[in-house]
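The two complexes that follow have chain A in common; it is paired with chain B in the first and with chain C in the second.
For the complex of A and B:
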């Protein structure tokens, strides 16, 4: 943690050893997190205050002036705002809730891991039951699911594909090990494919 | 593996859910046999069964499910308030 990375040193070594060009795992940006509970008319009031037509519908993420906003359940949204920005963000949201909601600083409840590269769908599919096919899981979607046995919020940021995984800090070790395993598998598969392709490097073709 | 359609999140695998037992249970007017029935007896039909499930690793919402106990087919799911699901 000393170098400012949210990952313990042994995990940093583990993920850099496992990562390759087509599936790379890195610590994501640090963020402050806000849980906004809102019901009835408060939902629209908060949306309007943030200059949005509405708050994101189920399993969607939208960029707002307070950072990315994620739908978590029918009356809860999660805001990932800049580090140190929680207090100001709370002051922006709170006046619009009146008696129909609450805003809580939940910074530190989750750490973001970033997973990028063309093979990341295979990596995630090795440990997460979601249907991640591009036809159903497009950029801007988010979903709460499990990696291994741990609840994780997944966000598909762009079509690289680039994923942000919001993981409870005490389970980061566990989740990183699952992902490193998946990355290792994808890399081995690719190396095997290269070794058996007729047009691969001539060095590999020698008996 | 069951594929369960959460009224909010859509089709998800059963590992994201937890089973909550028999669905609609109406408290009796007050007599003891009625309460005994409510607390200790279940319908246990061979066929469609009204249950409650919770999307514990997803949106954390409880909802109604009708499951065929002989085929494990999920016949329908709906929100507790009866409204159409968002998914």
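For the complex of A and C:
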């Protein structure tokens, strides 16, 4: 964990060796993480307190005053807030939960990996079973899926595409190896001009 | 066969050198291994599997049952590669010989890259012949996400060998235009890609050869092969039809091939015989004679069992002046010295004629390829006109089109492909009006009546050379023997004769096998049927199945935040659940026992530190948290005061132990629960299950926080002194910070650290938990500030030894599936005052009866005997039969006690302390004494330092 990077030195070397312009893996920003559990009665109170109409619906991420908020399951949302911001964020949310929910500081229990570039869908489809086609998985979507055998939270930040993967720290070695390997494969495909994914016709010829 | 001076889809300006069975040969870019061999004059490619008969290539595609090769790759070898679909590349090295249908593997790893790809689409089209191309074109024009997979090297299917025109263009030109259109519209077209396994819910496993079809030096980092996991909203099976051979005497000679193959070799590879005879039961077979004739090949005749056919193709043959042997069959062949075909015996109404030929093209008709449909138990029915099975009804979400659906002409196949695409797209909500997307057209062809013929009975009655399955050397005589043995069911015939058990699943043999069995048993062909098709349609190597999941990418290896700190101290690691834990920190020259000895004595005599971050940690909170934990845990955790901890256990419904751990009350409505390393996920699931199914109205929230905190245990008589240095602001005296108390404060500069007085060694111990990434700070500080106290890092081996000495169990290791808390010596914790999960079973007398397997300690009688886990314990070593009293669950060298001690489960063990038993070690067994599980410090005097 040299130079303040959350990745061990050997992983840093692995991803910088594998990455290329069209698929680049880097450590993501550091964040504090909060798990907000809320029964139905508390959801609206929390949303209102955060100036939102509602908390994000299933498999969606929304920006809030406390940072990005991800739907995790019917009564759980994950907030990624600024480093050191967990305590203040908890104080913002807690009063609105009353006895109908809980907010738990889970900072450090996942770290963010950032994957960017036009070939990243190929990288992810080497190890993640989800349909990540832009027509199906648009920016702002998030989903909990697997990389190899490990559960991660996957978030499409923008249409670059730029992905954030929230990975438990103990699994980072395994996940980084899979992604770096997928990047190597994608680079070979690019160099050999190998077609890799079906996508819908750019021009629909029929209504 | 010989190469014609011009023509074919080969690039004669780019010759390729390759080796076959050690011979240096030359082919051309665009060849397959099969066409290159034929072009190089290698007609005999090897010998058959059990009879050792010379064999040649019989097909130009998937029907191949003879031409399989062992192909060398860099540092590896690939067995059973079909020659007719392996593109020739420079430097290809292949072996056939006597191993053509056996194959072998080489010892050692295969370093080639094999990977996986998940893909999703609206429409998956399997097969890029006329129907598949028509379907894919229509769907991609409609804007659907389309995937088209083709098992052959190039798209086109039957269009590549048929002289038909499509939309006014020569078929081959239309195919390349269609492929370009598809590519430009985003359709993913995979060639050399076999749809191998059909899954429920429109899943399909497709195996694609990529690098494996190129020279290693030209593979450019691409995978050798790739396994696609495709999930489609709709699937069209346009898998085409395979040509069926006819069984007659000596029908396996090199030079005998299918008529479609004869045409493909002519049209695609410019390969022709000197004299090509045709034996066909359908009009389609005439195409071979017509094509040969047009290319200037001598065609000595067309043998047709039918009376004169009224179709267009026979009419053209007559117009070309070709000789027709009507109402005739080929009843046998003869060969030259090397085994190659030289004559065919044609029997007609006017007797037998010997016809000289070097190639005999045979066609028993075409039959739909329905392997994928049948894998999912799709129904078929017997079509008497084709003499083969056709699909009855497609499966939900699937359509069958083209020749696979019984549409055998190009014109019909194109129309059927478009029809299937419209229907499939409609099911996806995409409506395609007929006018917007015209169906490709091909001229109509008048066909004469089919005659179905499977077998020509040998004139001399010897059918031991009439081959049904060339791959397995199964003959008509073999079927006769099977039927003679009383076997009638086609699946039994298959197992008895091995017909259809080859790598190609007897694709072109099964209908003949069924029909001949039917005639031998006097039953209708439809009743006998054919043996089933099972996944995969093509053999898959284990390499492609495992893909990239090898080495560190096989099973996740979890590491703690302290991993590099351990490595820096020279730790040896061992796997524990998915974790990699430090097992010990050996000094130079130390043996395992010496290391454990030193580390143990350091903890018992001074202070040790150990990384216990892998323990499961769960945050449980909410107004009903106390009620909830009381319901799950066996003792009165609800009565634990804030700032205190309690050791407790969870039971299954049947009263058996699920896990143990420490419950810490952080606040009135908030708990921090630990689990054993291997049970972290299980316990969270257990809690969620109860909350979500039984008590959803309870306000409790369970959050796994294992990776929120790094935890380091500081244990030993001088632990207090070390903790006092690390946390100067914390009152650490026994009075202020007693056993099972929990404090929060600053440790080694880390604010908000949690310190708990719990011990897994029996020594005075503090477990310090800090945010995950800050673990190394505590570890380094403890090592530096404890140097003069003799602080010693210790690993899992010593942790085990220390807990065994104290009789502390690990649930799952020192317990069995049925062990209760009573059996494990934890009966003291069971609350008499409350109900909890498992209580009712525990209250049954049977759960507490005397003879149950109960936890005891065992001590070896001598210093040398290791107590090996899992070892049985018997009453007397020589006794017969042996009465097994129990088994050893844990064993260690106890540095403190100077001998081997252990824990064991023994029948009625609690009343047997002092008894001698024998561990089944060595010849005579090793004597052990049953003792109390607590080997050391039974009164617990060391706990407080």
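We adopt the following convention: the second predicted complex is superposed on the first by the 192 of 207 C-alpha atoms of A that agree within 3 Å, B and C clash if a C-alpha of one lies under 4 Å from a C-alpha of the other, contacts with A are read in each partner's own complex, and residues count from 1 in each chain.
FYI, a contact is a pair of C-beta atoms (placed from the backbone, for glycine too) under 8 Å apart; a residue touches a chain by one contact, two chains touch by 3 or more.
Not measured: the values here are computed from a predicted model.
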First (chain B), second (chain C), both or neither touched by A:162: neither
Partner chain in contact with A:141 - chain B first, chain C second, else both or neither: neither
First, second, both or neither for A:72, with chain B first and chain C second: first
Touching partner for A:131 - first (chain B), second (chain C), both, neither: both
Which partner reaches more residues of chain A (counting touched residues only), chain B or chain C: C
Partner chain in contact with A:151 - chain B first, chain C second, else both or neither: first
Set intersection of chain A contacts, chain C complex versus chain B complex: 129-131
Contacting residues of chain C [partner chain A, same complex]: 113, 115-122, 140-147, 183, 185-189, 210, 220-223, 229, 231, 430, 432-433, 436-437, 548-549, 552-553, 555-561, 563-564, 579, 619, 621-623, 699, 701, 703, 705-708, 771-773, 776
Chain B residues touching chain A - in the complex, by the definition given at the top: 8-13, 15-16, 57-61, 86-87
List of chain A residues in touch with chain C within their complex: 1, 6, 8, 35, 37, 39, 99-102, 104-110, 122, 125-131, 133, 135-136, 148-150, 168-171, 173-174, 177-178, 181, 184-185, 187-189, 191-192, 194-202, 204-206
Residues of chain A that touch chain B when the two form their complex: 57-59, 72-74, 129-131, 143-146, 151
